[in-house]
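Here is the structure we will look at.
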Amino acid sequence: MREKQLSDANLDSFLDRLRGMGEVYAPIRDPAGDVVLAEATPGKSIVLEYSNFPQSAKPFFLPQTQTLLGFRDGRAEDPSLPDRETFLFGVRPCDARALLALDKVFLDGDLNDPYYARLRAKTAVIALACARPMVSCFCTSVGGGPADPAGADLLAVRLEADLLLTAQTPRGEELLSSAADLFTDATPAAVKETAEQIHAAEEQIAPVQVSGSAQRLRDAYSSPLWETASQKCLGCGTCSFLCPTCHCFDMADEVRSGAGRRIRTWDCCAYPLFTLHASGHNPRPTPKERWRQRIMHKFRYAVENFDLLFCVGCGRCIRYCPVSMDLRTVLKEV
Amino acid sequence: MMTSHPIEMRLRETAEALLRDRKVNLFLGYEKAPLPFRTAPLFITAAEEVERLVWNPFCTLNLAVYLPRLFAISAGARKAKAPPPLPTVGMVVKGCDARSVAVLIQEHQAPREKLVLVGVACQGMVDRRKAERALDAHEALGAGEDMQGNVHVVAEDGTEIILPREEIITDACLECRSPTPSIHDMLLGAPVEAKDTGAARRRTSEFESKPFDGRWAHFQEALSKCIRCNACRAACPMCYCKDCLLDQTRPRWVGAGADISDVTFYHLTRAFHLAGRCTGCGACARACPMGIDTRLLMRKLSLEVEALYGYRPGEMIDATPPLSAFSMDDSQAFLTEP
Amino acid sequence: MGQTQTAQETRSAQAWEPKVVAFLCNWCSYAGADLAGVSRIQYPPNVRIVRVPCSGRINPAFLLRALQNGADAVLVSGCHPGDCHYIRGNLVARRKFALLKELLQYAGIEPERVQFTWVSASEGGRFAAIIAKVVEQVRELGPNRKLVKTP
Amino acid sequence: MTRNPYLPYAARIEEVRVENEARDIKTFRLAFEDSRSAADFKYLPGQFAELSLPGVGEAPFGIASSPTENERLLFTVKRTGLFTSELHSVEAGTGIGIRGPMGKPFPWDRMAGKNLVIVGGGFAFTTLRAAVQYILHPANRGGFGSVLVIYGARTPGELMYRGDLAEWQARDDISVQLTVDKPDERWSQHAGVVTAVLESLKPTSENALALVCGPPVMIRFTLLSLNKLGFSDDAIVLSLEMRMKCGIGKCGRCNIGGKYVCKDGPVFTWEELRALPAEY
């Protein structure tokens, strides 16, 4: 693996090259003051000091609303798939890692999801290692880390006045060679500094007891802790909507005078309507079963089915929960 | 501004007595949360657990949101000859919480006689987003309250920072006109006067000074962030409808997607359903993961309800809610050819 | 979309005709519209009528839905105060309408897009005049572009 | 490129038949618009498909016909929710989308050579009808042992597939026992619940498999009866219903534990189901 160095002065030129090939999204401060992954049109100032975005990169691969079919004269037809290349610069490693989980669900051979597959193929991820983990972060306990390259095409680490980049995929190699004149070979000092920085970031992340979660959750299925833990859950769905691996969706038709579309929209297992049968029967009737499902899905069922935790430790569900629910506590208690 | 500590002690004593003397089956309060600038709702049923109760500048959540479900009678129980008795619930209420409880009582979602309301006059609760933003490059490891009631933060590098409370309390608190609970069975601490009774009006007038298209553009820009998670609805104590219009499929009133037209429909309809009922607690805005000012419309509607019908939800428990009543001489200046 | 620009577009777009959806109460306003018809009072054909049992039956969602589906304006008409077939339906509705109109204006929807009035069963002329007025106002404003859902 | 799994085949409703006295159950016979789709749609009894009406949506239904009935693709639908109400209101000739076949069929490999006990209740008899038709096909009948069908409904008027039932009862290579909770004056067959009939007939559990579909209460008691008769949990095959959307294991709402009803089911043995959380 050859590390390349990109000086801050050349960052804009690199993004310009990417703009020549497609749309570029990068960390930008929005009017409300949040740093978000937004389109980096020329001249927009890129923020490099941030913890993480409120919303992960998920919407770029699984949009909140996705057209599945068009309807014309009462007949279904394939919608056109996007052709444009997209470059995501500054995705945190946890959010890039989430793509491994989404890939398991949406790219499964026989039943490939064509919409996800296309967006995945057309979107390059340039992850930016995390230098300032938050108190809600626990990536190191779920197989990731502040500089985990999983899911990224390029991994960047920020140094004093440079970025150190390593290609993780052929796509990443391509991006590096397409702008080779902007990069220099990384100096041994830079490589060393990078390693130290990553280590320092890792040190800041408190471990969470995730090991053996599948077995522990199997044993704890009937535990009274689900009742107490879910008592305060409002069923608002914030955790799912912000979760980079939550992928459940609903489908609905929108048709006016014979023309329209079938869409899919994000959905959430915390909603009572999620599993409600037309007959009125609901297999998961209370917040207890619904919240248990969410934890079980991420830390047990996904492990059983794919040998992969469907949690990347980004901590959004903890940070944004209006009633301060914390899955770390439950993982510890089971 | 004063420290909350004495209130916390009295709150624990009060809750303990209520639970010990079986005056309540359940006490609703707040406990320490894993992350700074937050507390978590706490449900306790035993006097021994009162030590978990806290009272501090982070008790932002409106606990009234839990009442409708605590008093909901399941279909099975309704059919039973002798339905199980309703619980008696004790809870700590701030000004906004008390207003919400009052509306829930008026709307028969919670029986007054089954509630023991422990009121605390509120000095304004912290908005975690404002606090986090005020720290800028720092990350809080812990936060507490100093003797003046300001927020004391320990940052990741060990630095200690004081955040003046006035600067980080929620927008709803800044606009609050009745920080002292309108209804309560006991009041801990002294009543508090509203800080700035004109705040909501000023914000509304400022928005109203823009032209139609400017207002629409602002409104659409704000809503373009909406991801339709419905957290604003879930967090609202007044949104207890079992079958929300916005979930209905026969007919489907509003599309499920993030189409701006559907998003707008959702927010307009929700706001309207809260006309004359919204108590301005701000739970919706705080629950919004995308940081949308969900109170933009509500602020205006509440002022309008007061101007037209002289009503402030939750502050007049014996009055008939304005949209269930009428007067022959209600204004009809808005009519075409009246 | 600027207001002036919309109006200009309107003038150039010859094809566009205002589309007004009118929700009329069964007992007074619908009968008023009927009277306008049988009395052969002319009024613009731009109105689509939805009959409702009472103006009190109007849920704001009806009006928003109509605008979303492409109406350029909506009009609600009920019995005059005191004449409601259900005694007080229109009086309770009056409060809702007052607030709704304020809310929509505040959000940036022009007041002409959502109108309320009373028309009795004997006021065929009044009905025709109000329709003419509403249609004229909407023509002046141009097509509704706010809230419309483009499929 | 493989076919978009969300794109339905275009089909048309050729015939609509009311199945019960309450008129809330109808059978729809569908025909594909083109022969390629028909050739693509290869299924076995026990599988299901998503039917869709543009503008209304989609819903999953068990396939009520057997592939041995040639191009007769049948779906029996009870009017319950949004989609089914709309479907009940359309007439023959209407276009309809069909996506599938989905899920796993009844375990036909395991059923070969076995004596079969088929127990159904009420409206859930649809895929069991498909199974019986498949078994009775001349090319297949020799591949199975004895076949006992017990089918119950609340009243005689609620028994579906009257014509088929009469045909089957006229044959000597299958025993078809019908029972109703509330007989009327013209009813001459069993009265009472299916379990009573099952326990009185005492079919052998030797070299046998049971297929069970019905409302939850019926299933619960039938399981007990079958166990009593010596059927092991592994020899009892059930078919589940679940709220579904995508039908291809992605939308995440039909899971029971780690299994997706749409992909890993809807057919499970009782042994498999017992190992899963009781969230169904």
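Letters A, B, C and D mark the chains as written, and numbering starts fresh at 1 in each.
Please note the rule applied: contacts are C-beta pairs under 8 Å (C-beta built on N, C-alpha and C of every residue); 3 or more make two chains touch, one makes a residue touch a chain.
What you see is a predicted model; the values in this text were computed from it and never measured.
Set side by side, the interfaces A-D and B-D show unequal numbers of C-beta pairs in contact, with more at A-D. Taking the CA centroid of subunit C as reference, the farthest chain centroid is that of D.
Inter-chain spacing, taken between the CA centroids of subunit C and subunit D, is 52 Å.
If you average the CA atoms of subunit B and of subunit D, the two centres end up 50 Å from each other.
Once the centre of each chain is set as its mean CA position, subunit A and subunit D turn out to be 40 Å apart. For subunit B, residues that reach two or more other chains under the stated contact definition are 255, 259.
Listed for subunit D are residues 81-82, each touching two or more other chains. With touch defined as above, residues shared between interfaces to two or more other chains in subunit A number as follows: 250, 252, 254-255, 260. Per the touch definition, subunit D reaches subunit A in the complex via residues 2, 4-8, 10, 52, 54-58, 80-82, 84, 95, 97, 216, 241-243, 245-246, 248-253, 255-258, 277, 279-280. The part of subunit B that touches subunit C in the complex is made up of residues 204, 207-208, 211-219, 245, 253-255, 259, 261-262, 264-265, 268-269, 271-272, 275-276, 297, 300-301, 304-305, 308-309, 322-326, 328, 330-332, 334-338.
Listed in rising order, the residues of subunit D touching subunit B in the complex are 81-82, 85. By the touch rule above, subunit A contacts subunit B in their complex via residues 32-34, 49, 51, 54-55, 64-65, 132, 134-136, 204, 231-232, 234-238, 240-242, 250, 252, 254, 263, 265-266, 268, 271, 273, 318-320, 322-326, 328-329.
Residue ranges of subunit C in contact with subunit B, taken from their complex: 1-3, 59-61, 64-65, 68, 75, 81-82, 88, 91-92, 94-111, 115-118, 126, 129-130, 133-134, 146-150.
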